[in-house]
Amino acid sequence: MDSGHTSWMLIATALVFFMTPGLAFFYGGLVRAKNIINTVMMSFMSIAIVSIVWVLWGYSLAFGTGNAFIGDFSHLGLSGISFASAEGDDIPPLLFVAFQMMFAVITPALITGAFAERFKFSTYLIFLVLWSTLVYAPITHWVWASNVLADGTEVNGWLWDLGALDFAGGTVIHINAGIAAVAAALLVGKRRNPGIQPNNVPYVVLGAAILWLGWFGFNAGSAVAANDSAANAFLVTSLAASTAALTWGVISHLKTGKMGAVGVATGAVAGLVAITPAAGAVNAMGALAIGFGAGLICFYAVELLHKTKMDDALDVFAVHGIGGIWGAIATGIFALEAITGGTKGLIEGNVAQVGIQAVAVIATVAYSGIVSLIILFILDKIPGLGLRSSESDEDIGLDLAEHGEQSAVQDGAN
Amino acid sequence: MDSGHTSWMLIATALVFFMTPGLAFFYGGLVRAKNIINTVMMSFMSIAIVSIVWVLWGYSLAFGTGNAFIGDFSHLGLSGISFASAEGDDIPPLLFVAFQMMFAVITPALITGAFAERFKFSTYLIFLVLWSTLVYAPITHWVWASNVLADGTEVNGWLWDLGALDFAGGTVIHINAGIAAVAAALLVGKRRNPGIQPNNVPYVVLGAAILWLGWFGFNAGSAVAANDSAANAFLVTSLAASTAALTWGVISHLKTGKMGAVGVATGAVAGLVAITPAAGAVNAMGALAIGFGAGLICFYAVELLHKTKMDDALDVFAVHGIGGIWGAIATGIFALEAITGGTKGLIEGNVAQVGIQAVAVIATVAYSGIVSLIILFILDKIPGLGLRSSESDEDIGLDLAEHGEQSAVQDGAN
Amino acid sequence: MDSGHTSWMLIATALVFFMTPGLAFFYGGLVRAKNIINTVMMSFMSIAIVSIVWVLWGYSLAFGTGNAFIGDFSHLGLSGISFASAEGDDIPPLLFVAFQMMFAVITPALITGAFAERFKFSTYLIFLVLWSTLVYAPITHWVWASNVLADGTEVNGWLWDLGALDFAGGTVIHINAGIAAVAAALLVGKRRNPGIQPNNVPYVVLGAAILWLGWFGFNAGSAVAANDSAANAFLVTSLAASTAALTWGVISHLKTGKMGAVGVATGAVAGLVAITPAAGAVNAMGALAIGFGAGLICFYAVELLHKTKMDDALDVFAVHGIGGIWGAIATGIFALEAITGGTKGLIEGNVAQVGIQAVAVIATVAYSGIVSLIILFILDKIPGLGLRSSESDEDIGLDLAEHGEQSAVQDGAN
Amino acid sequence: MLKIEAIFRPERVGAVTDSLLAAGVTGFHYQNVTGQGQQKGVEVVTGRGGQTTRSASSKTLLVTVVSDDKKDAVVEAIVSASRTGEIGDGKIFVTEISDTIRVRTGEAGESAI
Amino acid sequence: MLKIEAIFRPERVGAVTDSLLAAGVTGFHYQNVTGQGQQKGVEVVTGRGGQTTRSASSKTLLVTVVSDDKKDAVVEAIVSASRTGEIGDGKIFVTEISDTIRVRTGEAGESAI
Amino acid sequence: MLKIEAIFRPERVGAVTDSLLAAGVTGFHYQNVTGQGQQKGVEVVTGRGGQTTRSASSKTLLVTVVSDDKKDAVVEAIVSASRTGEIGDGKIFVTEISDTIRVRTGEAGESAI
């Protein structure tokens, strides 16, 4: 065990933890004031529930040996994960469990933006358990699982074997959540009476800032060490976010004469999403390109998707889905051998890498899209559950209806 | 000096620092809008005042050699604490001073929840000085002081010698603050006209999230190194918080059909409190048990205590006192030899450990309860001080009355 | 590369990043509610724009060899900055770029407090580019650039050669921003109708707390290693902030009978500013002295400056300028050889150091004041730009006028 | 000239204002208030898990000044847009007002409405 | 029918509404406003340590519409619950209103109150 | 006794209250409301970059009760302090009120104003 690497991974894990409350504020500021607690609670309960799922069986399914498609039950309840580091471990095994736990937590929380302001809360809690188990764990296994058997055989996830570059989870987290968001938005249907204005812009900015901060742990932490790769990941992460934020701001200024904070914050998140798979593969100039692409593409994706009948309330698909796909492909384009430690991208002449990246995208979209649809479809049919809040709950607001609380007391004895 | 351990303790100290502003928002969101600044300031001024007390004499009283009950004045003004690390130090000595300073800061801030909305601010500032000196420093000494004299004799705090397990301060911080809260609530009396609704639920959640984040520094930092024990502490901390939050949420959903965010956030804090002494002693399964117990026990403790005549405004005793006691006992139950590095708990057959834990609890409750009562009683009698705000200050709200400020400007030229 | 130092610098960089959103809330809470988004966006856009400037040419101008006054274009687009650490590097070179990037980002953001509530946003975005290039980069070079040519000659910034002590950027960041604030306040003119009350006191406290947290990265990170000096810097940073906060609070209590949260938070910031150059030079007792001085001096500086005709809306000059000057001089007074590793201060008999510090102050004030004035004067004259918002934009509030958003939706369908 | 004050559920404000404009109303203003009537308030959970009933709910109060002849049309516009048939739908109060002045021009009386 | 508008200290709102219900009032609504009268405002500290007087304070404005015969009882209920005897206690204004409509049922007049 | 209700731009509230005090008004209260008139609202950007027009703007509603003879002076005070000449300046509505009670003393009628 190396104390420096361990130190970095401890705090990186804490930073990734903090992203979920950050998301709670980012999303919470965007909805109407009568639904802010509900929106915040969706993220918060993902921490509570998915963590437990993760240690009971999620980690085992995701990182247990199993086969190329899914892990196994060898680490149920973290059995077999040693408290003490083995000779040669960079970090304690339990720290890797914790780091990955925070990824498992935030992914379903991202989806909640799609069905904000109208989803039944109790059904959501069950959805968390099912989706983490049936969608998140397998896809994580595909991309990141790598185990060596006693006889020396390697058993890796199939996307790992294919050579797909996904440094910090562009497919596993963002494309995955983005496409599940589509499934959810379609099945739950449009809001009765959506508002156009976010209830609290400072919360949106606060949330975006916390997400950005946490993303340093997310991306630079994905080096699983305090090393050159972590330093590069740190720098490119911030640059892509800056460039995407600026791009979004400038486009909206050109179109409307105004530069909204919500747009700029959303642009920053789009940049962070796009750099996620690329953070271990590109340099600063690549990051500027990826950030610029993310700002541009996601801006127009939002516009286009608003013209469809789908009510993806907080633009999860446009930002995380499309942004994630752009990032995955762009990783194939801008990857540099010196940084990936072996794999070249298109700009260094390796056309094939773009194809490999596309396979990873398509596989994730297909699997996550279909299984998410099935899960939600079944939850909708189960008597006593169902996806959609009652009309009156939706009108009154889910804060009062589901949580018996109001985000702020207005008048009188205050 | 090991750069990895030092790196971790630097950031762990920063995280523990951040808990006090987190607490300010957690508490600030719970009171009525006319008292939010006052509530926030109580935490903030604890940073300002207790830090100074700590370097002037607090550290010396707590960690100076002295005897089994109290330190001495050998490190007044940090004299004798070397800037340069000695051979064999894991971390610089001043870093340990800073880390412990942040613990000293948050402990009295926790108490303020009990007397929120009606305590005289100037008296509070003096209370901070007295309480840190007369209650916090001695109990810290009991549990954590361990010095070796020139002749090789060890002089330890008596609870350390007894073998009480308190990894990160369950007795020193939480039981201590919890019982002082009872003393304070009793002496200051009930609020004239308490409200039932928190003024700002998102602040409560933000505060809880910051507390949770900071608790990683608190608990995993209590390993005073970036090692296996820190990693385990990190993981179990998060799990206990998750489990307690979920437990609280489910109970309140079963009782009322609603799952309030304030309840869930309070549950998370209860879980964090309970795991504090245990973080260096139990594994993930132990953490689930402790978190479940914390959610259940503290939920009903709140209910029960609301039926008494004591107005512990923000349930400090129920959450920190009862939660801390549960944690201390549960540490005795679930401690694993492999994790503590020697001490077994009840589940490994060591019944005695539960008894030792109980002694630590009783000693803390008795000492802190009595000395806190005496301090507050005297402050109440000193002319010009007194514990209670005037009736009109309480009615108008302490923000305007004590601080000349309003948390938000309402109407007109904004 | 040392994993421990790298670990610390990764998180220190993240902490300094977080200061700018912290500043956004600190400033955002102080203005009127109709300008909060604009104020927040000024900080946020500094992250977006200055980061890009930094990697494209700012870093090269600041840290490229060049001469004693300015760097060169050898590292445009970070060319020549190796991904891989060289033998003997404590941390990866790109991590130093990132750490310094965060300093470059926050400095112009600090200035925005001076011209809050009335500055044209598009002009501001251009100002960011010019000011970082023409003012920030050169002064950074003076103080911190130190390069060794192939032939062994050292080429250092002239203030470095002079022996000025500026551990974490008292001159480069605070005096620099403080004096530019004067230039800006004078040229943009007074607000039409300034309010007296901050729109959101909790935001001010939240912002101050985040700044304080981030300042641990700022000051202790300026050791560029996890070592004794970082530990000392950490401790003295917190102590100076505490002391200044308390001093400010006590003075205002003595004067008005009330202890406002905004005052205490401002005091904390003043203390943080003053300790910045001294963090690698003084011990805990020095920090108490510096903090006390900062609280006292900045309190009266605010009072005095409010009597002038200059409308430095959020007291940037009084806090960062005057506070920074006090810190620079105080560093010369309280520096201890054991801590600086060679340089003595006045209290150890080295009178000359105070003079050297004064030279650094004067040079910064002169250069930044004049060049900032010129930049702003030119921007004011360029058709289509100009510094000042239209009267009607100022009346309506810049949130709606410049950003098309309102910080919170008031009535109706919420 | 009549001042028509209507209290209704906040989520209806968009429907009510659309309906008012359709009915030819030229101006109005609204704000959120806290109200109590036969609907005895809403269920809230207390901070820490218990349950209680808060004896008042959020309502929107809209005010529009119209000429006397528009009274019925305006009342009908509001009622049709805000009625749910459940307790808590709200009330409309009508008051005579004696004068109206338009700030911008200073004109007074009916034409200033 | 009378509209009774009362301005009082915000901390009295609970007492006033209890007192109104006891006096048989069937509905009311209230909101926070900023008011100024003989009480010339409250002392505030300026952001940075100085002191100034803000020329207005927070008050609660409560409105209830009642039948004419209840006027005295209602005024008495409000006064008794909100009086402290200090400057700043507030005012009650009474206005005649010409009609009331209950949204839920459409009924008008006294019975709709 | 007259109740004068004025709606104007929020940034004018300081000017209006100064002007009212100069005109001898003894008390008033105000609050922010959302209003719509000829000024058809304000341009806002939608959350994510597009643009739309929100059909209402923030206004301040100020209420002061005065004796009948002060009507013109008060109206003039308000108009002069809040007029910009642009659409959206606001309206003043005047209503007769039948009684005023001072909570602190219980006195009623003109002297309670």
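Residue numbering begins at 1 within each chain, and the chains themselves are lettered A, B, C, D, E and F in the order written.
Here, a contact is a pair of C-beta atoms (placed from the backbone, for glycine too) under 8 Å apart; a residue touches a chain by one contact, two chains touch by 3 or more.
Remember, predicted model here, so these are calculated numbers, not experimental data.
**Student:** Going by the stated contact rule, which chains contact subunit B and subunit D alike?
**Tutor:** A, C, E, F
**Student:** Could you let me know which interface, B-E or B-F, is made of more C-beta pairs in contact?
**Tutor:** Between B-F and B-E, the larger count of C-beta pairs in contact belongs to B-E.
**Student:** Counting in whole Å, what is the centre-to-centre distance of subunit C and subunit E, each centre being its mean C-alpha position?
**Tutor:** Spacing between the chain centres: roughly 49 Å.
**Student:** Rounded to a whole Å, what is the gap between the Cα centroids of subunit A and subunit D?
**Tutor:** Going by mean C-alpha positions, subunit A sits 43 Å from subunit D.
**Student:** Measure off the straight-line distance from the CA centroid of subunit D to the CA centroid of subunit E, and report it in whole Å.
**Tutor:** 18
**Student:** Indicate the residues of subunit D shared as contacts by at least two other chains.
**Tutor:** Residue numbers touching two or more other chains: 10-11, 14, 30-34, 43-45, 51, 56, 86, 95-96.
**Student:** Which positions in subunit B are in touch with at least two other chains?
**Tutor:** Residues 2-5, 7-8, 11, 34, 193, 197-198, 256, 258, 260, 262, 403-406, 410-414.
**Student:** What graph shape do the protein chains here make by touch: line, ring, star, complete or other?
**Tutor:** complete
**Student:** Which subunit F residues qualify as touching subunit C in the complex?
**Tutor:** Interface residues on subunit F, with respect to subunit C: 9-11, 14, 32-34, 42-45, 51, 56, 58.
**Student:** Spell out the part of subunit B that touches subunit C in their complex, as residue ranges.
**Tutor:** Contacts found on subunit B: 1-8, 10-11, 13-14, 17-18, 21, 24-25, 28, 36-37, 40-41, 44-45, 47-49, 51-52, 55, 77-78, 83-85, 91-92, 94-95, 97-98, 101, 121-122, 203, 399, 402-409, 413-414.
**Student:** Quick one: which bits of subunit B touch subunit D in the complex? Just the residue numbers, please.
**Tutor:** 30, 196-198, 248, 251-252, 255-256, 258, 260, 262-263, 266, 299, 302-303, 306, 315
**Student:** Could you pull out which subunit A residues touch subunit E in their complex?
**Tutor:** 410-414
**Student:** Would you pull the subunit F residues touching subunit B in the complex into a rising list?
**Tutor:** Listed in rising order, the residues of subunit F that touch subunit B are 10-14, 30-32, 60.
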